[in-house]
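Note that the chains are named A, B, C and D in the order they appear, and that numbering of residues resets to 1 at the start of each chain.
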Amino acid sequence: MIVILKESHTPQQFDSLCGWLKAQRLDIQVNKGVRQTVLGLLGDTTQLDADLLRALEIVEDVKRVSEPYKKANRKFHPANTVIKVGDAEIGGGVPVLIAGPCSVESRAQILSVAQSVKAAGATLLRGGAFKPRTSPYDFQGMRAEGIELLLEAKKETGLPIVTEIMDASQLPLFEDVDIIQVGARNMQNFEMLKELGRTKKPVLLKRGLSSTVKELLMSAEYIMAGGNPNVILCERGIRTFETATRNTLDISVVPVLHELSHLPVIVDPSHATGVYRYVHPLAVAAVAAGADGLIIEVHNDPEHALCDGPQSLKPEAFAALAEQVFAIAPYAVNR
Amino acid sequence: MIVILKESHTPQQFDSLCGWLKAQRLDIQVNKGVRQTVLGLLGDTTQLDADLLRALEIVEDVKRVSEPYKKANRKFHPANTVIKVGDAEIGGGVPVLIAGPCSVESRAQILSVAQSVKAAGATLLRGGAFKPRTSPYDFQGMRAEGIELLLEAKKETGLPIVTEIMDASQLPLFEDVDIIQVGARNMQNFEMLKELGRTKKPVLLKRGLSSTVKELLMSAEYIMAGGNPNVILCERGIRTFETATRNTLDISVVPVLHELSHLPVIVDPSHATGVYRYVHPLAVAAVAAGADGLIIEVHNDPEHALCDGPQSLKPEAFAALAEQVFAIAPYAVNR
Amino acid sequence: MIVILKESHTPQQFDSLCGWLKAQRLDIQVNKGVRQTVLGLLGDTTQLDADLLRALEIVEDVKRVSEPYKKANRKFHPANTVIKVGDAEIGGGVPVLIAGPCSVESRAQILSVAQSVKAAGATLLRGGAFKPRTSPYDFQGMRAEGIELLLEAKKETGLPIVTEIMDASQLPLFEDVDIIQVGARNMQNFEMLKELGRTKKPVLLKRGLSSTVKELLMSAEYIMAGGNPNVILCERGIRTFETATRNTLDISVVPVLHELSHLPVIVDPSHATGVYRYVHPLAVAAVAAGADGLIIEVHNDPEHALCDGPQSLKPEAFAALAEQVFAIAPYAVNR
Amino acid sequence: MIVILKESHTPQQFDSLCGWLKAQRLDIQVNKGVRQTVLGLLGDTTQLDADLLRALEIVEDVKRVSEPYKKANRKFHPANTVIKVGDAEIGGGVPVLIAGPCSVESRAQILSVAQSVKAAGATLLRGGAFKPRTSPYDFQGMRAEGIELLLEAKKETGLPIVTEIMDASQLPLFEDVDIIQVGARNMQNFEMLKELGRTKKPVLLKRGLSSTVKELLMSAEYIMAGGNPNVILCERGIRTFETATRNTLDISVVPVLHELSHLPVIVDPSHATGVYRYVHPLAVAAVAAGADGLIIEVHNDPEHALCDGPQSLKPEAFAALAEQVFAIAPYAVNR
C-alpha cells in the first residue's frame, strides 16, 4: 500500500502516523521527494482501511497495490474453476444455457417450458419462486409451492434447477435446488451471503445494478470466505443514463472478470435489455466474448406472463437463439 | 393508464388485447388518430403490469398516469407526517440532528460522543452495531454488544437511538431501539421491509446507491403496506461517474420528495461525500433546501476510527456545523 | 402526442391550452376519464416542444408518440444504407475494419502501420491529425501536416482514410479525406454538424460519452437535414460508475440502432475499454452482435505512442483480431 | 508521480523503462518491496501521459501526485479570484444573480424581463441568442439579431449581459458582450476554448453533462493557458440514472471546486432540474453552500416561451427567490 503525504506536515504528525502504522505490524519505507513524501507499507495490509488513512490530515492519498479479494483472485488460483451440476459443466469451455420463465406460474407452465428448453439444448432450468418486485402490490411469486413445481419439472426432464433466494431464512426450502441464485438487489445482503458461505451449494451471484466489478468480487469473497468455493458470477446489466434498454449490458466484464478471477462468468441478456428483440443478438455477443454461459428467460406465453413478459422469448425464439449460440461457440474468444 | 398501439396491427390483435383488458375489469376508451390508436384504461390499474403490456406485439408504449404508490403519496395524504421520537419531532418544521459514530467501538467512545453531540444540539444518537462492509475481512461491528452500549448511552444522555438492521432475524435485538435504520444496500431487501412493516417502530429508510426516487417511495410503500406508517426517507448520495466525492449528493430530492410524499426527508452528507471537509457545507445546503433533518457522523477520534474515519467530524467541528445549521434554519425553504 | 392534464384544473386553463394548441394547427381529441383528462394531438407535432407543454400548470405529463428524427429513421427508409468508400462497403453485410494509430506521429510510423493493417485485412486507415486532449499541455496532434502524411499513406497503400475534425474552420484541409470523423466530445457541436451537412463526405459520428441513442440519432439528423445522407454511427463507450474499463461499451446499441435507423453502425472497442487486452474480445462480440464494422487502434510501438498507448494493439495482435473477426462474421447476427 | 510495477518483470523491461523515463528528464527513486517495486518520479511530470505508462507490460498502475492543472489551481494561487463586470463582483463574497430568458425572442420580451430581474436584484442579464438544440427542427435562436436586442436591453437597464457562443467564428459578434458563456455541450470544444483564451473577456464555463470536476478545471486551464485568467465555473447538473429531475444538480462541487481552485463558482438550478418548482429551493441551497452566484431562467410568459419554458420562473417568482437568497446569504458557508 502506498501512502502519499501532503506537502505541508509537521514532524509530530509524521511520527504519529508512523507509530500508528507500526502498531499495525507494518514495515514502512519512507521516500522523500522534492515536493512530496511517499510511504510504502509492507506486510499484510488487507485489514487496513484505506479510507481511514485517507481521512488523516497529513495524508494526500492512498493507493492499494494488491486487491482486497483473495479466494476469488486468479493470482492465487490461476486455473479456471469448473462447476459441475448434473450434466452441465459451468466454466468447462462449452457455453451452458440456463433457461426458463421469470416466474413459476403453474405446473402446466413450468413443465411445458422445461421440455421446450431442454429440447432446444438448455442444460439447466431457471424459474422464480420468490420474486423481488419493486411494488408490494405486484405478484410476489408462488414461493414454497413454486419450488415444489420446479422440483417436479426437474424430475420429469432431468434438468438441474436454478432459483432465487431472498432471505437466509428460506434456505431450508432450497435443499434440493441445484444452484441458488442471489439477485442483483441482494448482492450486498451480507448476512445472507455469509449463510450461503456455510453451504456447499453452487451460488449464482448476480451483479448489483450499480456495483463495480470489485464489489462483485468482494461479494463472491464473502461466500468463499465462509468455505463455499462454488460461485458463478453473472452480469445482468448496470444502471446508466441510457433508457433505450432497461439496463446497460456491460459486456466488457466478461474479459475483465476472466482476467481478475478464476470463477465462471455467465451473462443475462434478458434482464439487461428488458426487450425480447435484443436478447438474441446480445446472447450471441456474450458467447463470442467468451462467456461461460447464458441465462435466458423463456415463456410459453409471454403476452400473459405474470411478470417480465416483455423480455421473455417464446420457445421457438429460444431454439433459434440456442442454435446460433452453439454455431458461434467454436469461434468464440477462449477464456 | 395510456396504451399506444403500433401503426400496423390486425383487428384480431386489437380484439384480443381489448378482451384481455376487459377481463382485468378495466374500461377502455379507444381513440383512433390518423397515425396511431391510443387506448385510455379506466379503473384500478395499480395491479396492472406496464411491462407486460409493453411486451405485446401490438403495443408501442404504455404510460402510467397515476403513481403506483398510495400510502406514501402526498395526493392521498396532503398533510406532512410528523414522527415523534423522545423530544424530537421529525418533520415538525425544525431540522433535527442525528449524530454519532459510524460504528460503536467501546463504552468510552460511545458515551463520550453521545455527550458531545447532545451538548452541540443533537436530539438523536446514531451508531452502527451491525456494519455492512464491502469486504468480509473488514470490521463487521460489535453487533448485539454494540446495541447494548447504545442503550447505555441512551440511558445516560436521554438521547433516543438510531441503528441499522441487516437482517430480519435481528429484529428481537431492536426492541428498545428508537429508530431502525435500513441501509442503502438493503433498500430493496423486500423480505426485511415486509417484516419492518409488521412493527410500529419508526424506520429510517436510506435510498439505494442507484435507486430512483420512485423506487425509494415504493420501498417505503412496502413498509407502510404492512401497517407501519412511520417511515423517514433519507438521501445519502447516489452513484455517478464523478469521483471527487464518494457519491453524489442528490439534493434535488429534498423538494422532489416533499412534493410527491408526506413523509419526512433527512439528508446524510457524511456518507454522500465521504470527506469530512465537505460535510459542513452540504449539511447547511440541505437544511436551506428544506430538509427535515440531518444524519452526521461524529467521532471523538476520527483518525483511529474502525471505519469511515475520513468522513467523520470531530465533536468541535460538529458543534460548529450545528450552530450554523440552527442559524440558517429560520431562513430555509418551507416544506 | 399525448397530453395528460392534472386532476385539478379550471375551465379557463383548459380553454386557454386548447386555444393555444389549435393555433399551432393541431387537432385535439379530448378524453375525459374518471380521474384525469387526456388530450390526443393530431397533426405535425415535430415542431412542438414537449418540455414547453410540460411546464404548463395544467399539464401533468406529455408523451411523444412519434420520434423527432425523420431522415435517420428506419420507419421512413426501411432499407439499410450502404456507404461505399474506395473498395469498402460500410453496411454492406461484411464487417469493415478501420485501423490505425491514435495519432499520426511521423511518416515512418503512419506508413508502417498502414501497411501492417492492410496486410491484416483492414480496408480503411484511421489516424488522428487534430487531437482533442483533456489537457492543454498534452500533445495536440500534427494537424495539417498529419493530414498530409495520411494522404501519403493512402497513396502508398490505396487505403481510404478516416480522420477527425475539431472545428468547421478546418474543413478545407479535409478535401481529400475519405471519411470525416466527429469525435465524442463534438457530437453536439451543432454549428459544426450543420457545416458537415453541407458537404457530401461520409461522416463517422461518434456517440458522446453521455449521449443517449436518441441524441445520437438527432445529431445524425442535423447532418442529414443539411443534405448529407452519408452518416456512419459509432458506439465508443459511455460514461458510467464502473472504472474497470475507461468507459462502458454499450453493445446493446448495435441491435437498438439497427432497429431504429437504416444507418450503418460501427464499434470502437479501443476507446471504450482503454485497455488493449480487452479490445480483441469486445471486437469479436461487436461483430457477433451484427456491427457493420470496427475501428481499432493499432500502433507499431504502443509503448512509445504519443497518446492512448495503453489501448493500442501491436500489428501482430491486430492481425490475430482480424482473423478471428473474419472467422466469426459468417455466424454473426444478421442486420 | 508513482509507478507501481508488476510482480513479474524482467531486468530488461525494468532497464528499458528507466531509460525511457530518464530520457524524459525525470529522476527516479526505486523502492523495492517484498511483493512489488514502486518508482517515484521526480521532476516535471505534467507533460507525462499517465495512460501511456499504464499501457506498458511492466506497469501495474500509475498514480499522479500533483494535479495536471496549474493556472486554475488554488495551490499556486491561494487568493480567491474576483471578476468585476459592471457593478457586479463575481467571487467577491456576495452572491450575484444572473437572470433572464432562455432565448431572446423579441425586443418587448427581453426589455420587459430585463427590467423585472433588475428590480428584483439581479446584477447581470442573461439571454440566449445562439441556441444549442438537440433537434435541428427546434428553434435555433435569433442569433446576431438576438445579440443586438441584448445590447439594447443593456443600454436601457445598465445590466451587463451574458450570452452563449457556439462556434469560435461567432466571436466578432461578441465584442460588446460582457461575459461569454460556453455551454455544457461545448465544454470540451477545445478549438473554441483556445480562441477564448486569446481574448480577455470573462468566460462563464459550464460543466459538461458527464464531465468530472477535473475535466472542468482542465477546460478552464485551456482558456487560462492562452492568457485569459477570467474564468467563472458553472455547475448545471450532471447526467445520472435519476429522471425525477432533468439532470442531477451536483451541489457538492461548490465546496470541492472552492478547495481545488481559486475561480468563482456559480450554480444554474434552472437547467439542472428542468422544473420551475425546484429552482427556488435549489437556488437557496446553492447559496447556503457558498456558491458565488446563480444563473436563473426568468421569462415574462413561460407558458409561451420558445424553449425551456418548464424551467423558467415568472418575474414574481424570481423576485421571491432573490429575496430569500439575499436573506440567507449572510448565514451561508464562507468560501
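Just so it is clear, a contact is a pair of C-beta atoms (placed from the backbone, for glycine too) under 8 Å apart; a residue touches a chain by one contact, two chains touch by 3 or more.
Predicted model, so just to flag it, every value in this text is computed and none were measured.
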Exercise for the section: If we define chain centres by averaging CA atoms, which chain lands farthest from chain B? Would you check? Expected result: C
Completion exercise
Given over half shared residue numbers means same and under half means different, the chain B/chain C interface is same
Exercise for the section: Determine the centre-to-centre distance between chain A and chain C, using the mean Cα coordinates as centres, and give it in whole Å. Expected result: 31
Problem - Euclidean distance of C-alpha centroids - chain B vs chain C, Å - result: 38
Completion exercise
Between the Cα centroids of chain A and chain B the separation in whole angstrom comes to 26
Practice task
Spell out, as numbers or ranges, the residues of chain B touching 2 or more other chains.
Solution key: 210, 239-241, 243
Handout entry: chain C - residues contacting chain B, complex
Key = 2, 4, 29, 31, 33-36, 38, 40, 42, 60-61, 63, 65-66, 210, 239-241, 243
Practice task
Sort out for me which residues of chain D touch chain B in the complex.
Solution key: 210, 212-214, 238, 240-245, 248-256, 259, 272-273, 277-278, 280-282, 284-290, 324, 327-328, 331-333
Completion exercise
The answer for chain D against chain C in the complex is residues 20, 46-47, 49, 51-52, 54-57, 68-69, 132-138, 166-169, 185-186, 188-192, 194, 208-210, 215, 218, 221-222, 225-226, 239, 274, 276, 302-312
